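There are structures below to look over.
Look for chain A in each of the two complexes below; its partner is chain B in the first and chain C in the second.
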Partner chain A sequence: MSNSAIERAAAATPPNIARRVRGLSDRAIAWIFVAPSIFLLLAVNIFPLIWTIRLSFTNYRVNRPNAEVEWVGLRNYQRILTDEDIWETMQATAHFLFWTIALQVVIGFALAWLINKKFRGDNFWTTIIVLPMMLSPAVVGNFWTFLYQPQIGLFNYVVGFFSGTDPSSFSMIGEVSLAPWAIVIVDTWMWTPFVMLICLAGLRSIPTSIYEAAECDRASPWRQFWTITVPMVLPFLMLAVLFRGIENFKMFDLVVQLTGGGPGSTTELTSINLKREAFEKWRTGYASAYAIILFVTVFGLASIYVKALNKVKER
Partner chain B sequence: MSDFSVIAASKTQKWVAGILVVAYAVITLLPLLWIIATGFKSPSDAIAYPPKVLFEPTLEGYVNLFTTRTRQTAEYLAAHPPQTWYEEIVRKYDMVIAGPSRFGGRFMNSVIIGFVSTFLSVFLGTLAAYAFSRFRIPLKDDLMFFILSTRMMPPIAVAIPIFLMFRALGLSDTHAGMILLYTAVNLSLAVWLLKGFIDEIPREYEEAALIDGYTRFQAFYKVVLPQAATGIASTAIFCLIFAWNEYAFAVLLTSGTAQTAPPFIPTIIGVGGQDWPAVAAGATIFLLPVVVFTILLRKHLLRGITFGAVRK
Partner chain C sequence: MKTRIALMAAAVSAVICGAQSASADDLTLCWAAWDPANALVELSKDFEAESGHTMSFEFVPWPNFADRMLNELNSGGQLCDLMIGDSQWIGGSAESGHYIKLNDFFEAEGITMDDFIPATVTGYSEWPKGTPNYWALPAFGDVVGWTYRKDWFEMPELQAEFKDTYGRDLAVPETLDELKDIAEFFQGREIDGKTVYGAAIYTERGSEGITMGVTNALYNYGLTYGTPDEPYKLEGIVNAPEVAKGLEFYKALYDCCVPPGSSDWYMSENIDAYKSGQVALQMNFAFIWPGVEADPNVGGGKSGYFPNPAGPDGHFAQLGGQGISVVSYSDSQDAALEYIKWFAQPEIQAKWWELGGYSALKAVVEDPDFATSQPYAQTFLDSMAIVKDFWAEPSYASLLLAMQDRVHDYVIAGNGTAQEALDGLVEDWTEVFEDDGKM
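Now for the complex of A and B:
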């Protein structure tokens, strides 16, 4: 054996040195293991981010490669922040965010609370309820346009059947007053199970001894709910809201397939608006500034929120 | 627990809870059942009013999904009698099958890009997660947060420079480009989830192996990897589902060769608008694997969707 000398040396030396002789040091392994991931993320995330920042100060347009690229300073940013259309887009996004999160929290918590009563078959039904959130939003969103068809759609038929209105008298995705709700309904259908699962984990983490102690003190069920259940689940609920907030701020696939931002621009959420600017009007520099503003907004809001979340956890 | 327990729900409460939850589950399942049913309807049944719950099942949607068809003259049809059952189906509309549709290719693109990118991100993610879990790495928390933060950017915002980069490198509409992109996007999820799983494996196992004369590397693949197998498998399924469902990058960066199924399915059109039975057939085939995976994953579901933040 050619390496017997090494092995003998290894056996003769104390363990620490022996390990180094027989293989790479821990520190070398650590770097070899981490480096490819960091490198890939730098190449595919950070490098493009820096490029976007650079583009955001120019008037570059992808569809005019020969035009002279001018340095325009902060003009793109200034135009975006004073643009009325973009504020409308922000309002549409805020409406979408507020109602999806409110509905998902209420329904999701209620479902988790009911499932936690531990009836027979609860695991099976939980798995069934979870299914929508795992599916492709684009494919499912596209099919919902079929369910929303004025006369032949299942949604309109069911609503018409229970409310007595004519199913062909309203169009969820064609009317300015209904379209913002059409996207809220589908998102809630899809993502309520997410909030439910997190709440369920929260409810199951509460030790029964707390309730037993409360029972000894003759606390009413109502009081137990508000002083034990709600505060103990709150950190979980806030985490769910954080995830839904970030995800829905980025929302693109589901809504673009459902309404495409229409009718007019009533459901044009920021990501859809950004896609228009960047890939339809090809205002690359302007869209880059827009992207940076969105990123800073998500990042800033998320950081503030995480601080609040940590405070709740500490209590 | 007995009915007299102060904590457990009473029998009536359980019944009421059960009924409400089952009612919600049934309502939430309706759109999905409707997709499956529409796939087996004829085009006229699919758009019937009132919506048909009972109908005569047909494979027309599936045939239309996988084929392209052309209309032919009566003489031609008389001269060429249908050879197979699927040719017979399209004959009803005086059509013949002209060739395969693009769905098969798009579906295979989803499979190739999904599986290769999943393998790569789980491979890189396992290495990084092990290092983050076991070694002292300077700025460890900052690096972990950096990895997570890459997931906060809206895909459309990242897509602008990626679009330019891919064009410069010749990666637009290629499998390699999409695999690279999905690997990077999934890497943050893989590292965070796997670090959680590896943290749960006691260090003592490796230390024992090291004392027995294993090198650090041997200890990693002979002791840690087998212990982490379940965690690695569920991480892989989460990555696969993400790559499978992804739409924003796919629609902006691919158009033909490397286009995956999600941007393709909504573009299936027939006479006068979308061919809903064919769309539903495509959706059924495309969504079914995810349903199976979700059922397999149900124990680790919560962990996967929260990046390991909630472990139950």
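Now for the complex of A and C:
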């Protein structure tokens, strides 16, 4: 049936077109199919990247179209790398990255392990747990500002209730010592379900026969956990860490809604700082250099990490 | 006969309507989303009826206003025909060609800047400052002032306690120190069974909030932007020891007397805190006063208004407000100019004030009945007489954000000293002006 359809289509092709197509090599036909994608990739990714690299060596400002653009060499890079404020934003980003990933991995894995135990209503609880990641980050940031309100916020009330402190005596997003943790808590609340789902996929991919064999060998549950569960889930976990790491390195909306980068510059992550340089101060050349530095950092770290991930998978 | 007259009337009106629709434009006016914008929508209905043009409006909330509208202007967008842009945009918009120059138009239409409050002309229209080059018509006069709970101030037991404590009457403060005393007095006090706080002040970090607040202290402790001879001289001027004292004052006010959790507050948060009865004093732009008067909780005589109090080295208040400009990328520039001509008329300006817009036209504000026309009218006049504005340079955004960072870092986060914050600010501003080739 399908053969006859192909034959009919071939017969319907005008002879001049058929002759032309027949004259093309497989490689040429492959290029014809791939070319639009490559063109799109070049136009949307590669050209802007090259253009950004070029701009990073200039003093160009997009809000001064009439001003003369000067070639400044490495000055933008030098300024960025010697700017203490930028190193502070890097530190804030590192703190955010480390703690969100650590907490999300531990809690996410624990939740996945519990859900995998198959109990009554486990599907219901899975749905409840994944709800936060279905919300918009801007909405989450906004309503957590209310939860963190010292006078009316539920978070402060709960902390006050259990610790006996006055709820209005501390401000999660207004105090230098607490604000970095405030953003970690919210991101963990929102994205732990994502890590949980990936871990759950890993746990469910482990054949039960391996556990049965281990039980025949009288391996304890503890031993089974460390020698079967953890190694077999590790590639999934590492993948989750990669995704969350890349996402949180460019974290913007959630933190802007929560703290706006404050108090002071305590929670000003690199992406927030970059946005301010590029689209509020309009220092386009400088911001381009900043973006290139961040790109190289993320790309470099991600490449090393992916190599490690491949090695783990090969084991 | 009657039929013939009716037919003729119909024909004439058809011709008039046809003529109108042939030249009618759909104008889009861009501004911030706030109470005065609603008043302008109301006012503009008269323009639509008179001119035959239709008006559309694009209002953006204040925290995103500059981002959104400067993006629009920088990209040569045609969304806005008329822009009521912030006063600090005037330098950049003039130099980048976003606004059309209005001198010839003003001259042709008999509009003179002498008819407007001088501070608003300098603040909203001129670039370079102090020169007769006009890029906007003063549209909305605004200034930072204070609102206070008059009903609380009049409570006999509070008056007595205040006098015992401070040795003077609980009354409108004349100096910043007196203001802090009052804020401290109310902080954490129980009034009508509720805990209340001293003052809601500007602390917002993301856009311009804390700068618009802290300058009300710094100006009165001696802050100037350069000197008359050296407009970009910063060292020893911006970071003078007395200016650092002004910054210390603002931090002390924040540390002692604000509601918990007010580390990122600007106009709307201050309004909410005041209207919900949380604070005795509120720092805010004058545009909120009509809304306060009309509020069922705090309006109707329960609130009073006073200008920013004096400091040891001067008596100033931060200028707000905006001018109205014609966007150079607009296809309807003639109709937009027609709107400005209409808006500049004294009777329209008088109606603007009635609806809640702060007219900058002298004919309106110097009217003998003006001062008593609203409970806040005199305070508005007094405040407009002491205004000072932030930089309006093309690089104002870089200058503003640097100040936001430095000041927030010291006042809210408590990092370093006031002197270090101002020294850092001078470094940042110097870098900006050096990049601009002005230093």
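Quick note on the criterion: the second predicted complex is superposed on the first by the 274 of 315 C-alpha atoms of A that agree within 3 Å, B and C clash if a C-alpha of one lies under 4 Å from a C-alpha of the other, contacts with A are read in each partner's own complex, and residues count from 1 in each chain.
Please note the rule applied: contacts are C-beta pairs under 8 Å (C-beta built on N, C-alpha and C of every residue); 3 or more make two chains touch, one makes a residue touch a chain.
Given the structure is predicted, the values throughout are model-derived calculations rather than measurements.
Enquirer: Answer with first, second, both or neither: which of chain B and chain C does A:162 touch in the superposed model?
Expert: The answer is neither, since A:162 touches no partner chain.
Enquirer: Tell me the contact category for A:279 with respect to chain B and chain C: first, second, both or neither.
Expert: Both partners.
Enquirer: Going by the contact rule set out at the top, does A:264 touch chain B (first), chain C (second), both, or neither?
Expert: It touches chain C, and chain B stays clear.
Enquirer: Applying the touch criterion given at the start, work out whether A:151 contacts chain B, chain C, both or neither, answering first, second, both or neither.
Expert: Touch status of A:151: both partners.
Enquirer: For A:44, select first, second, both or neither according to whether it touches chain B, chain C, the two together, or no partner.
Expert: first
Enquirer: Considering only touches as defined above, state whether A:222 meets chain B (first), chain C (second), both or neither.
Expert: Touch partners of A:222: none, neither chain B nor chain C.
Enquirer: Counting touched residues of chain A, say whether chain B or chain C comes out ahead.
Expert: In the superposed model, B touches more residues of chain A.
Enquirer: Could you say whether A:171 touches chain B, chain C, both of them, or neither, answering first, second, both or neither?
Expert: Only chain C; A:171 stays clear of chain B.
Enquirer: So which bits of chain A does chain B touch that chain C touches too?
Expert: 62, 149, 151, 153, 279
Enquirer: Okay, in this complex, where on chain A does chain C touch?
Expert: Residue list for chain A touching chain C: 59, 62-66, 85, 148-151, 153, 168-169, 171, 173-176, 256, 259-266, 276, 279-283.
Enquirer: Quick check: in the complex, which residue numbers of chain A touch chain B?
Expert: 15, 19, 22-24, 26-27, 29-34, 36-38, 40-41, 43-49, 51-52, 55, 62, 111, 114-115, 117-123, 125-140, 142-144, 146-147, 149, 151-154, 157, 167, 189, 192-194, 197-198, 201, 204, 208, 211-212, 215, 236, 239, 243, 246, 249-250, 252-253, 257, 270-271, 274-275, 278-279, 284, 287-288, 290-292, 294-295, 298-299, 302
Enquirer: Could you list, by residue number, the parts of chain B that touch chain A in their complex?
Expert: Residues of chain B touching chain A: 6-9, 13-15, 17-18, 20-22, 24-25, 28-32, 34-35, 38, 46-51, 124-125, 127-128, 130-132, 135-137, 143, 146-147, 149-150, 152-165, 180-181, 183-185, 187-188, 191, 210-211, 215-218, 220, 241, 244-245, 247-248, 251-252, 261-263, 265-266, 274, 276, 279-280, 282-283, 286-287, 290-291, 293-295, 298, 301-302, 305-306, 309-310, 312.
Enquirer: Would you mind writing out the residues of chain C in touch with chain A in their complex?
Expert: So the residues of chain C touching chain A come out as 66-67, 70-71, 74, 92, 95-97, 204-206, 259-264, 394, 397-398, 401, 405, 408-410, 412-415, 435.
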